[in-house]
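To keep things simple, chains are lettered A, B, C, D, E and F as they appear, and every chain counts its residues starting from 1.
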Amino acid sequence: MRVTVSRRAHFNAAHRLYRPHWSPEKNEAIFGKCNNPHFHGHNYELIVSVTGEVDPETGYVVDVKILKDYIKSEVEDAFDHKNLNLEVPEFKAKNPTAENIAIVIYNKLKLVLDPHLDLEVTLYETPRNFVSYSGK
Amino acid sequence: MRVTVSRRAHFNAAHRLYRPHWSPEKNEAIFGKCNNPHFHGHNYELIVSVTGEVDPETGYVVDVKILKDYIKSEVEDAFDHKNLNLEVPEFKAKNPTAENIAIVIYNKLKLVLDPHLDLEVTLYETPRNFVSYSGK
Amino acid sequence: MRVTVSRRAHFNAAHRLYRPHWSPEKNEAIFGKCNNPHFHGHNYELIVSVTGEVDPETGYVVDVKILKDYIKSEVEDAFDHKNLNLEVPEFKAKNPTAENIAIVIYNKLKLVLDPHLDLEVTLYETPRNFVSYSGK
Amino acid sequence: MRVTVSRRAHFNAAHRLYRPHWSPEKNEAIFGKCNNPHFHGHNYELIVSVTGEVDPETGYVVDVKILKDYIKSEVEDAFDHKNLNLEVPEFKAKNPTAENIAIVIYNKLKLVLDPHLDLEVTLYETPRNFVSYSGK
Amino acid sequence: MRVTVSRRAHFNAAHRLYRPHWSPEKNEAIFGKCNNPHFHGHNYELIVSVTGEVDPETGYVVDVKILKDYIKSEVEDAFDHKNLNLEVPEFKAKNPTAENIAIVIYNKLKLVLDPHLDLEVTLYETPRNFVSYSGK
Amino acid sequence: MRVTVSRRAHFNAAHRLYRPHWSPEKNEAIFGKCNNPHFHGHNYELIVSVTGEVDPETGYVVDVKILKDYIKSEVEDAFDHKNLNLEVPEFKAKNPTAENIAIVIYNKLKLVLDPHLDLEVTLYETPRNFVSYSGK
C-alpha cells in the first residue's frame, strides 16, 4: 500500500529574471516587470510530497518531523530571506524562475531522502502561479 | 526535465441543469435545486496546468503572461458574467455541469496552446465541489 | 465578558444589477457586466457574528447549533440556488448588490435572534469583494 | 472522456499514536507529542475524488449528492466527534496515523461506490500535513 | 498613528464539553456530540492582534518575533497536543468552549505584553466556527 | 445605513529593514534576517475597506470598479515588482515595515477617495503576519 505524504513549508526571497548575455531590450521584452534590476520578491509556498509503502508497525510512510527537518536544512535555511540571484549558488548562472527553483529543491531533497521514496515538489510563486516537478 | 506550470483564474456565471426532452418531474428528481428554471450561479475558480520541457535559456515551460492571455480570451471573455445556458454556444445542447464546462475549456485551450504541451483543467464550482479533465 | 461568536455559511444564487426606470444605456454605464439581462451568479460566503455575554455555566455566548439553524431557515432556505431578482421578495424593488443583500440578511436574523445580542453580517460576493453591516 | 470529480468534507476527532507492545520510552521517541496518553485532536479535512466516464445525457460522472451521502454514512457518521482509538473499530489494533485513516476511508468508500469508478482519498490532518491514497 | 499588528498561530488539542454537576441527559441535550466522554479534537487556529503606536525609529508597533515567542510560551507550549480538560489547569473547572479558551488566552497574553498595547484574540475552532475577545 | 465595502488586491515587492545611522550590529540585532543587505521579498495581500452610506438608488456604497482603479493607480502601479527601499520615494527615509507600508497606502488612497468615506487598510506581509490602519 503506497501512500503519498505531503508537507507544506514557506520561505520569502527576492529575485530577478534576466539573461546576462541578452540586451536590456530583449530582457525587458521577455521578462517584463520580472526583469527589474533592483529585484522584487515573493512569499514562496512549498509542498513536498513523498510516496512510499506504509510501515505496518508505525503506520508512517515517513516521519513528518524528519521530512520537516530536511525541508528546513535543505530549503528554508538556504533560501529564506535571501536574494536568490546573489546569495544562492544554484542560481548564479541559472534563471530563478519557479520552474528552476522547483527543480533545484527537488534535486537537493532527493539527495537526502530515502531512495525508495518517490518525490514531487510543488512551488507557489504567488497564490495564482505555481509549478510541480517530480523528476521526470 | 518536464515541469507542470499552473495558473489560477476565475469567472462568475449563471446556469441551470436540465434536459429539455425530460419531464419536469424527472429533471427535478435528477438535478434537484440545480434545475431551478430561473437559474442560480457560481464563482467558478479555474486552474489551468500545462506540462512541458523547461527551456534551458529562459527557465520557462511557458510564459505565464501568454497563458494568462489565452485564459482571458478563451475562457473569461466567453464565460464571465454570462448565463451559460443562454449565452454560451457550447451549452446550447449540452448540460453545463462542472464536468462539461471543464471539457469545453480543455478543448478551447488545446486549440491555441503549443501542441507539445500537455494540458489539464481543474474547475471549482464551489470550494467543496471540483472536477479535473486532462483529455483522457 | 463580551465575546463575538462567528459562523460561516454559504449559498449560490443568480442575480442582475439594474434599475428598471433607467435607460439601458445608463444601466450599462453604471452596472457594466453586472447588468447582463440573462443574469450571472456567485457563490456567496456569509459570516454571521453575534456578540454577547458568556454564560458562566455553559461557556457559550450562543449555541452555534441554534445560530446555524437560524442561518439555514432565514438565509440558506430563502436564497440558495435562487434567482435573487425573480424569486426573493426583498429584491423585487431593491437592487441585489452585496450591500443590500447584507442588509436584508441582517434584518432577517435580527428578528429571530435574542435582542441582547449584537449582530454583524459579512458577505463575500467573490473572494476579492466583500461587505459588512452591523445595523449602524 | 474520463473526468475526476472531487468533494470536500470534514470531521473532528481525537486520537493518539502509540504501539501497545512498545515501551513508553520507544513510543515517546517515535511519536513524540502525538503519543500523549490523554489524546489530542484534529479537524480532518477530506477530499474524495472519483474518476469515470461522463454520462452523455446528464453530464455527470457521479451525482455529487450521492457521493456526499456516502461520505456522510461511511466517514462522517463513523468518525466525527469520536475518539479514533477508543471508538472506531478499524483502529483498535491499527495506529490512527493520517496514512492509515486514509486507507480505511478508501476501503470503506470502495465497497459502496460503483466499481467502474477509480477512487482517490486525500486527508489533511492539519493545513500543513496531508496524505493521499488511491489503492495502489 | 495606531496600527494593529496580527500574528497567526495554531495548536491541536482534544476536549469535551460537559458540566460535571449536570445529569448525562442534560449534558447530552445541551452539548450534543461535543459531550462525547471519550473526547474529540480540533486544529485551533489563533490570531493575536495588538494595537499601539508605531515606533518612529523602527517602524514597528511590536517586534513580531517577540510576539511569536510569547504565543509559543503562553499558548502553544501550554495547549498544543494536549487534552484541555485533563491537562490544562484553567479548564479543570471551566468548560473548554471556544469562548472560554479565547478568554484564557487573552488573560495569559495580557500579563506578559506591554500594558500600553491593546489586545484582541480570535480563535478558530473549525474553519466555520470562530470567536473573538478583546477584554471588554 | 452604513456598510463597509472591501476589495482585495496584491503586489509583489523586495525590501529590507534597516536604519542607516545604526551600526550593522544593532541593525542585525533588531531586524535579524529582515536586515539582509541583498534584500528579500513578499507577496503582499491588501484589503482596502471603505465605509459609507448605501446609495438608495444604486445600492452601492462605492462602485467597486472605481475602488479597484484607485488601488491600481495608487498602490499596484507604484509598488508591484518594485524594490520598496530603492524605488518607492515614500521609503527613501522610512523603514518599509508592514506598519509603514499600510500607513503610506492609507494616506495615498485617502487623498483620492470621497472624503465622506471612512477608510481602513489591512496588509498581509505573509499569510501569518498582517497589520491594519484606519487613520486613528
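As a working rule, a residue touches a chain if its C-beta (ideal position, glycine included) is under 8 Å from a C-beta of that chain, and two chains touch if they have at least 3 such contacts.
Note that the structure is a prediction, hence the values are computed from the model and not measured.
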Set of chains adjacent to subunit B and to subunit E: C, D
Touching both subunit A and subunit D (chains): B
Far-end chain from subunit D, centres as C-alpha averages: F
Which of D-E and C-F has more C-beta contact pairs: D-E
Distance-maximising chain from subunit A - centres being C-alpha averages: C
Centre-of-Cα separation between subunit F and subunit A, whole angstrom: 28
Computed distance of Cα centres, subunit D from subunit C, in Å: 34
Contacts with two or more other chains, residues of subunit C listed in rising order: 127
Chains that touch, pairwise: A-B, A-D, A-F, B-C, B-D, C-E, C-F, D-E, E-F
Subunit F-facing residues of subunit C, complex: 17, 19, 30, 32, 94-100, 102-103, 127-133, 136
Residues of subunit D that touch subunit E when the two form their complex: 10, 12-15, 33-34, 36, 38-43, 80-83, 86-87, 126-127
Contact set on subunit B toward subunit A in their complex: 1-9, 54, 57-61, 63-65
